[in-house]
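These are the structures in question, set out in turn.
The two complexes that follow have chain A in common; it is paired with chain B in the first and with chain C in the second.
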Partner chain A sequence: MTDLATYNFAYLDEQTKRMIRRAILKAIAIPGYQVPFASREMPMPYGWGTGGVQVTAAIIGPEDVLKVIDQGADDTTNAVSIRAFFQKVANVAVTTHTKDATIIQTRHRIPEQKLGAGQVLVYQVPIPEPLRFLEPRETETRKMHALEEYGLMHVKLYEDIARHGRISTTYAYPVKVAGRYVMDPSPTPKFDNPKMHMSEALQLFGAGREKRIYAVPPYTEVVSLDFEDHPFEIQKFEQPCALCGAQGVYLDEVVLDDKGGRMFVCSDTDHCEDRREHGHAGEMLAPNKEAAE
Partner chain B sequence: MNIKTEALSGGFGEPVFESQSVFRMLMDGMARPGTMRTVGPDVGQPEPLGGAAGAIALTLCDHETPVWLSPGLSKSAVGEWVRFHTSAPITREKAEARFAFVEAGATLASFGLFSSGTQEYPDRSTTLIIEVAALGEGQPLTLSGPGIQNAATVMLKGLPEVFPRLWADNRALFPRGVDVILTAGRNLLCLPRTVKIAMSRPDTPSAR
Partner chain C sequence: MTDTPLLKVSGVSKFYGSRIGCKDVSFELWPGEVLAIVGESGSGKTTLLNCLSTRLMPTTGSIEYRMRDGNFRDLYHMSEAERRFLMRTDWGFVHQNPADGLRMTVSAGANVGERLMAIGDRHYGNIRETASDWLTRVEISTDRIDDQPRAFSGGMRQRLQIARNLVTGPRLVFMDEPTGGLDVSVQARLLDLVRGLVNDLGLSAIVVTHDLAVARLLSHRMMVMKDGHVIEHGLTDRVLDDPREPYTQLLVSSILQV
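Now for the complex of A and B:
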């Protein structure tokens, strides 16, 4: 038994889907440009991914396999509730395995595993306008995008250097898409920025409260802004993941006690589990025998 | 069949799922220009509208999207059919149109009168759906741009001769500009405004 009859497929009515679909097509045609759309109220509050949910609802079909991650994890509240939402209103298959998914809705991470041509990555975006904290007026930021006037963003990055000796922006690090529009990649760590460049997967961005949709087509240049003498760099971690021993991945810090004990583990839970299943072990992973006892 | 019956017949059998599948073809097609897709469902559109073009109208048009029809199409039952199935208003003003449908072999003088959006809102532009004689055979065109790894070659027949020149003019407006979907029967091929087109045959004078 399903509750499908209570809702239209994927919750949204057909006219809303058409409106969002038209916005998505224009967003793909103008990479990095923010298309306004008539964002609907969803059965969850703004800030919980209503933009991403509306994009997913407009594109999803019965054959799709959906994965939802929140900060890289499949098992946190936001991810679990959005996954359950689509199981209920669209009755679609869901997975936690990155490689099996056709649509991956994400909050603040890009999976470690390279995405393929058959996959669509849908980002939940809180503030789509990269210039918003520098210029609060929408009329002005629109004009700045229209004139390709991005000097202010470079001034911001320069002030980072003047104050801290380096570019201290670590997340929502601005990028230039296809050599034209400066875009906010949503609050992903800058560690993930290089994955957007020439990605095989289509990337869609939905901001529900701010009512904007934007996109990066596959095989599109995505360049992180920087300076010749202060080139863009991603975060580096001194130790590997404490559970799976992975290096060169993004790690979360977990505080263990009140005596300064801490561990660093993969933020991408599927990647970490997959590695452990294949026999990789970090230094803090409980040995199998011990766990069985 | 008289014009009224033609206008009232057809449409999607399963509107929710069929429009979703046609949309995904358009989304993938826009994201990967140069890949041809074939629309599955038969939508019973009146002549001379093609099957893919009819399915696109049913998928994307509604009361918010004025539709412009080329002279050949406006003489037929297509206008009535689009109005009945999608509630889209039919407009004679190219600049007002969100979607414009052009039948095969129609003369294309310019994209200039269609809306190319504004510099602040380049998304407010017309999408043209142009029927050609065939996709997948005929003259080769080389495409490059976002969505294409290096270059993609497409074959098509019956593209208006002025098209490469019109397209070069359209590209020069970026980020403004129209987007085009080429259709031939049930096949479709998307040309977002970012695509660069080069004629593949060396003996053909290339688009500037």
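Now for the complex of A and C:
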């Protein structure tokens, strides 16, 4: 292999990383506040996690261990591509095990296994502004954040209840961070909102197209908005994971045929594999390893 | 307390470059009083209204408002947060075009409830109850509570806009041509409704209109504007029955008689 394609460590040049780190520091100092930053073009399309990739590139070091998940899975296109990208441009160790990772870049999910101090969770955010769909003017939403005028957020929840009888927002469920800023936790299911509260891990959010970075520092209060008579609830699943039998985890529905056959499996593939290795089995798990192959 | 005015306006002028928006306007508004500002298009009515309602900063002059604690505050010396809070609690603003004052993509109930949620109401049942109560008061059937204003007629939208503004019990309401764009029978009903609400709630209101009939029905006092200046000012009946200024006489005599 020639040295034709040589990159600076982690793709971005040092000045860019410095600029992003400054934005990250400011974001950590003001939990939930969206810090504008000079987002760069990345060698992937918008919507594939350009914001998350820039944040990861700015904070990653040679001794870091990276895990990338997409909808909880380590083996889907987006996750595989980003993992390969950082292997190539930073030559860092990668893993699929949540507990071994120091940096976890995610799209949509927070791993089932509780994150610990020293770990960093990097979210890829498509639309950072929680008020956007109700108030299209950026000047106005900034003013609303500045003056803490968040009545509009409840208008959205009111509409949910009026139409569906309950708060039907299931993802990107708005939260209030440290009692001040209302934040969009990116398109994570609301199932994961309680995990953000008082998390030991640092949580960073990067929106590449919208050029915003925000953060939730460790041990920060994150409260999901609700009404007194319609309190916040997370999704509940009727059956356990069909492969590992786990309960109280977030499940994906997999359609098996065109006759209504379906199964519900853990969205967090690492968690599911780990449980199976430890002898847990769901009702649809093949009896032994050979049969599965 | 009723001896003190609610709003004191002194020497308000607004220039657009070298052109005059409105010049040297002074008046006082008293609690429970409805003041009409009339004049032809381009006479500075709306500029003045925007200056009064903090939507447009005047070039000179001061506007003082008596807060609920009885103290006068200069509107343009308040912080923006205080001003916006005042606008959505103690004040109302009824736009000529209801689409400007409503959120067209959320239901009627949420439109009425928005101000309640903005001041910290977090009980869905209570908000909904208040909203349906207000819909009844502005003669919108409560089974329309979950419909979006897009599905409403012009008159209903305007009534919804009024309900949305009055839900927090404001003391002062600004109206910019509230009946513009409505046909006469709907106009009449709306005026009747507004008059009833103003009387029941003891509201003060400043109504901008080019329609002298609206001024006659709603207002106690009126100001006639021309080219940015207030040229005549007095009790509505006096101004309309015995106009002094040539321009006011022209205006009154231009009303079409059927």
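Everything that follows uses one rule, which is that the second predicted complex is superposed on the first by the 284 of 293 C-alpha atoms of A that agree within 3 Å, B and C clash if a C-alpha of one lies under 4 Å from a C-alpha of the other, contacts with A are read in each partner's own complex, and residues count from 1 in each chain.
Operating definition for what follows: a residue touches a chain if its C-beta (ideal position, glycine included) is under 8 Å from a C-beta of that chain, and two chains touch if they have at least 3 such contacts.
Computed from a predicted model, the values in this text were never measured in an experiment.
Chemist: In the overlaid three-chain picture, which partner chain does A:Val255 touch, first (chain B) or second (chain C), both, or neither?
Modeler: neither
Chemist: Per the contact definition in the header, classify A:Glu149: touching chain B only (first), chain C only (second), both, or neither.
Modeler: Second partner only.
Chemist: As a test of reading the superposition: which chain, chain B or chain C, is in touch with more residues of chain A?
Modeler: Touched residues of chain A are more numerous for B.
Chemist: Return first, second, both or neither, reflecting whether A:Ile59 touches chain B, chain C, both chains, or no partner chain.
Modeler: Touch status of A:Ile59: first partner only.
Chemist: May I ask you to decide whether A:Leu134 touches chain B, chain C, both, or neither, giving the answer as first, second, both or neither?
Modeler: second
Chemist: Starting from the residues of chain A touching chain B, keep only those that also touch chain C in the other complex, and list them.
Modeler: Comparing the two interfaces on chain A, one with chain B and one with chain C, the shared residues are 143, 147.
Chemist: Quick check on the complex: what are the chain A residues that touch chain B?
Modeler: Against chain B, the touching part of chain A is residues 8-9, 14-15, 17-19, 21-31, 33, 35-36, 58-62, 117, 142-143, 145-147, 178, 180-181, 202, 215, 217-221.
Chemist: Show which residues of chain A lie in contact with chain C when the two form their complex.
Modeler: Within the complex, chain A touches chain C at residues 134, 143, 147, 149, 151-152, 154-156, 158-159, 161-163, 226-230.
Chemist: Mind pulling up the chain B residues that touch chain A in the complex?
Modeler: 15-17, 19-21, 23-24, 26-28, 30-32, 59-62, 64-65, 98, 118-123, 125, 127, 146-149, 174-175, 179, 192-194
Chemist: Which of the residues in chain C come into contact with chain A in the complex?
Modeler: Listed in rising order, the residues of chain C that touch chain A are 80-81, 84, 103, 106-107, 109-110, 113-115, 117-120, 122-125, 127-128, 145-146.
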